[in-house]
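In the two complexes below, chain A is the common chain; its partner is chain B in one and chain C in the other.
Coming up: the complex of A and B.
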């Protein structure tokens, strides 16, 4: 997998790692560029909101023609998508682990963005498939299409073996952020790590709402699908535009701090069989890889003796104490959230409106849902029963997902507070999206490729 | 080469600037167009309303005016074309903007590549990872604490605004702890299987002298029950409650005792119950064999799939639980009992070594478990009986091999006797400190209930094992005699000594449990015929037989002046038509 071992150069050969062409850009140019970008994004948003303009309402006398149901989409298209996904995953893993080619991944990302993003318009999407699977498991009456199951499971299986190949070059959401990253700035570790809890919260909430049949929030608030489809609600476009502007300066903010599917991929990547390793053979602790990584996924060494881990005992103790406590606490809280989430469910919302209408506090005119419910017979006991069943389900699922979040949060806290002892710069398998930037930064990797490199002093990065 | 690189860099910069300005200008134009469209949206509607609406109104009065029709069509088309032109313009603008953005980003990347600023640069000082870990750990812990606090603040005071106001008002009343009905109210109604004491012995005034289900004589009403069930009706203050279920549906019914109208139907469903495979049951048992229980405020019902639910007597759902999948050869059929504000559930499942069987006390208002005690027995079908002896309430249960009495306050075992064998189904009888148990292929046994611990050798008053004993029908005892119904024969035993007194072949099959009402035996055959007779130490004298015309498996329920009989499909109210 790695190149043949090169003869290790003498440390005294060179210490200058800066490229000879480095020149700082002018402040005026930066400011001008910034304002151009801002006006670009803001200007683009309303242009995409074409659906807002409603068709004329022709009423009176006009006979509405019979609705023609279009033929269902050919199944072959779904399987072409699955094949493209499988091919993309294979290529991404091969390029990132075997070829170790940043250029290859960029080309793959462009292709994935074009196909899964702009051509297929972000649907089917592995990120959203989590909700279909959750609903399918919770509701036997809901059949999850096989293609959706494939989109859900293939990236997870690949992550289990080869790490986050999906994020590396197949996911259009990751690709669009990756491609607009112009001038990455590092987010401090103390800020990055708490933010990495957000995807788990989002995932728990999304699973709860999906499994109760309420709504698919991941799809509803997908930030980039409006851009892929050249239109959508203003809020969606604003969020997507904002994230894209942020992505120009901060590496993949959505992937790192929001993506619920990325949370699952990260979890499985922790136990993946093969992982990207920064250096092909030897780490001189030059810190170039750490500097090159815009995602904070490369951690510096904690010790000079990898066999000695001073945090081993407190880590074990914290795990034993925190996991059950956190699971119980967040499980309890999840139940409360589950009950509260009934208000977001269409059935809960309808019952709430009916209750307000009965109490005379619902403003007129009544919403369409109330009118439809009244026209359907206004079966109050049936509605109460439906809400009651929904409450029971939401309570159970809320506790379940809350407890699961509690376990994850405790593990995350312990992992951050008591990191594993390492003697070299290592990639964090969960946070690494296999973008291959660190490969091109590593002097030994570049040497392996036959490039002329001034190799660093042993331990020079720590001098 | 450096000159070429520099000129390329300059070119990319210019492309970036041009593309950026192009995008900014185009974005601005599209923004302006969008804002204008937003404003014109109203104008558009106004035009439609001002120009098209009057023409349409005119056409309604003059529907044959071809010229008018043509003008409307032209105006209509004009508006539509304008709409699609604008839509097309916005879409094209979006694509052009995307192209400009691609050029802009590509030029920026190329410029940075040529400029050399994409290569990593070392920061001045390496991070101390241990220090960073401490800081990040504190930040994560703090975030979790804030998250907890915020979530509690947001959902802690959450109100169930989707519940109707009436239900919210009544809810606190329902949640009052340790409420249970007055003994007088309990005794005046038919709140559980086999009446108030669960023994089938009652005094009930004004019962009809005769009836005929086919001719309608003394049949006050007859109501079809949508879902089947072998459970018996409950009666409380003008309402009759029963349940029904199939493989996929479960429901509790509230029926107006005066008219027979089904006033409410409350479906029962829990995620686990709905998702799981339906249990395998015998056709005769069905999915709703356990009789429910009511305390006048709530009705609690259990089903063969392990679901149990509480509803208020107006049908509003209160709670529902799933107690685990039933593992029962014939189907779960044990009826519920009640002690104070607790519903007593005997849920015997599987084999004894499976460790699945248990007895629970659930809060009738909330369904929460007050206590739960494991039982070392396999699946059984005996409905528990709650008695009180010398100030100590006891729950009497029986299964193979143990007869066990529990303290309803905390679920602890009071006493037990090893006596039963095989499939144990008949419910016990009790009178004046002595409990009677029996089952097919086993024995008939009388036990004093004042013992503690295992009392197999000390408190068994008498035991017989030489006769046939009932397989389904419950025992009936009046203090002098114990009656059993075994395959169509009625047996009588001396309650004090266990001596067999007599037996009589009634030439019929029985599934319903016998009752002793107003001193007479009421025996309901599977054909739906009620046999009423008088019994003493000498024998049984049949007084009357009243046909119903429908098969019956459920036991009867009695109320002043009324008898409620549940047939396979209908619920009958029998009473004097003059009432």
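Coming up: the complex of A and C.
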């Protein structure tokens, strides 16, 4: 019996399925013996597509059932989501800029968290949509769903007009951090500002990986989606839990230092048509708004006369010198990262495993990827070509995104070193997430609302 | 006068950049939205590429995977000893739990006539582990295979199982025909 078994050509594949021997004492022994004989014959058949056991003709007229598959859901859900997004964006912009109501934004945040977060379980989301768009632009064969296009573009367009209303009251990631912030601690400027470059690094990397091979790291390493789904990989839940605990004491750590979409929104908000102004009319420089802002997004006055900007010249000079230099440096670095990133792609990973298998250094049992590759015909030349194409694309896109990051980093550095001249306390258009906390802190805003306030001494907040 | 010039210059610059931004977003999304192949698509498993690694049961964002076994009865051999149903080395060829490959007892085995048995998947019990599929594909006709069940699939933008699939067996297929069924095209 043993000898028979070894004659079977597919014996190596069958290790975890077939018995060592069929016990002759079992009632099915006769059938087992029959089975072994049959398996000898059928082992020679190609793996798939050929019916080893022809379907029987039933003498009793038994009817063979139809293959049942459940019907697919209607496509309406996606459009409900887009409508909710549009409505949320409108409401958030209106509440933050027109009503200037913190309470309204909190209610909107709760609604957004409930709908986009816990009900829709964090998908589809604008943060991840950048990857679809990157893949869509790089690969003409990939069709980006229209709803995803809407999720990508609507918040960006709104940011160009009214700033980051999306962050204020629509994004469930922002909402969950905003709502747990109970004891805000300020992060010093020197730490906060460099950390704000991290989202750009994350974005460049995510765009590179999405555009070269449909690897969606933003979704894979999303911290909060595990919480929305009440389950997930342990690493994801730990990261989410950790960030959530941090969010109780530090304002929106994910939005500020990780969110790749927030980086884009911030950039566009820099030129937004309307932006929140802390005071409705007069700023007495009391500094209450700066104290109230948990995100370090309010800049203190730099001068008494904003028209005389002492930094204008050095700023322009620094920009002219720094941008090309930084673009070149990071472009070069991006190319290196691009080449290194090939190893993260399924294709790159498979290629290195195949190389190891050929060298005989691959540990047994072979990984599933190798098994699948062998089953699909083990086309070595095609794999080499695929890796070569991937390397070329990764190098090019790595340089491109690296250079873009270089420009952003230079702009960022110059902006931090030479801030815009201002006589009042003003919100930073890029860093402000329109949370409306500063409004309720401003004495002149409270006066406007008809509350009884002791107006502060002029310039009282300045050291 | 110089003040006003300064302010207006800034505003003009900002307005120009805003226009540029709008143009950029408009061009990119317009190009993507008007693409020929913009049929609505959903995730599905190519049964021929699937290697039954078992990740479908664990990688789905749903607690119980949206992937379940589908049975093309027309391809089934109605074997008495079904290698998709029975453990290797079964104690008895009967429906005892100890003889079954399926960890959740999601396959119903009924006698039709000698020597044929019918096997039906109970979708509510199936967890998509693919053990039966592996057995059926290795020794049988391959009438059992895994499919994403679209009554349960939540249509993730990027399917979590697709990202983990070692065989890259996940594909996007048009929503009106969301299954890649075996035995249909041959028929």
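Simple rule for what comes next: the second predicted complex is superposed on the first by the 388 of 463 C-alpha atoms of A that agree within 3 Å, B and C clash if a C-alpha of one lies under 4 Å from a C-alpha of the other, contacts with A are read in each partner's own complex, and residues count from 1 in each chain.
Simple rule for what comes next: a contact is a pair of C-beta atoms (placed from the backbone, for glycine too) under 8 Å apart; a residue touches a chain by one contact, two chains touch by 3 or more.
These numbers were taken from a predicted model, which means no experiment stands behind them.
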item	value
Which superposed partner A:231 touches (first chain B, second chain C, both, neither)	both
Which superposed partner A:76 touches (first chain B, second chain C, both, neither)	neither
Touching partner for A:271 - first (chain B), second (chain C), both, neither	second
Chain B versus chain C as contact partner of A:128, first or second or both or neither	second
First (chain B), second (chain C), both or neither touched by A:219	second
Touched partner set for A:148, first chain B, second chain C, both or neither	second
Set of chain A residues, in rising order, touched by both chain B and chain C	17-23, 32, 39, 42, 47-49, 52-56, 58-60, 140, 231
Touching residues on chain A, where the partner in the complex is chain B	17-25, 32-33, 36-37, 39-50, 52-61, 138, 140, 179-180, 182-183, 189-194, 197, 201, 230-231, 286-289, 291-292, 299-302, 326, 329-330, 333, 336-337, 339-340, 342-343, 348-349, 351-352, 354-355, 358-359, 380-381, 384-385, 387-389, 391-393, 396-397, 409, 412-413, 416-419, 441, 461-462
Contact set on chain B toward chain A in their complex	16-17, 20-21, 23-24, 26-31, 33-35, 37-38, 41, 44-45, 48, 52-53, 56-57, 59-60, 76, 79-80, 83, 86-87, 90-91, 93-95, 97-98, 101, 104-105, 108-109, 112, 114-117, 119-123, 126-127, 129-130, 132-144, 147-148, 151-152, 154-156, 158, 160-165, 167, 264-267, 269-271, 274-275, 315-317, 320
Residues on chain C engaged by chain A in the complex (per definition of touch)	2-3, 6, 14-15, 17-18, 21-22, 25, 28-29, 31-33, 35, 37-42, 48-49, 51, 53, 55, 61, 63, 70-81, 83, 88-93, 112-113, 116, 118, 120, 123, 134-135, 137-142, 147, 149-158, 160, 163, 166-169, 172, 175, 178-179, 181, 183-184
Chain C-touching residues of chain A, taken from the complex the two chains share	10, 13-14, 16-23, 26-28, 31-32, 35, 39, 42, 47-49, 51-56, 58-60, 62, 64-73, 75, 77-78, 121, 123-125, 128-129, 131-133, 136-137, 140-141, 143-146, 148-149, 152-153, 156-157, 160, 214-216, 219-220, 225, 229, 231-232, 268, 270-273, 307, 309, 346, 367-369, 371-372, 375-376
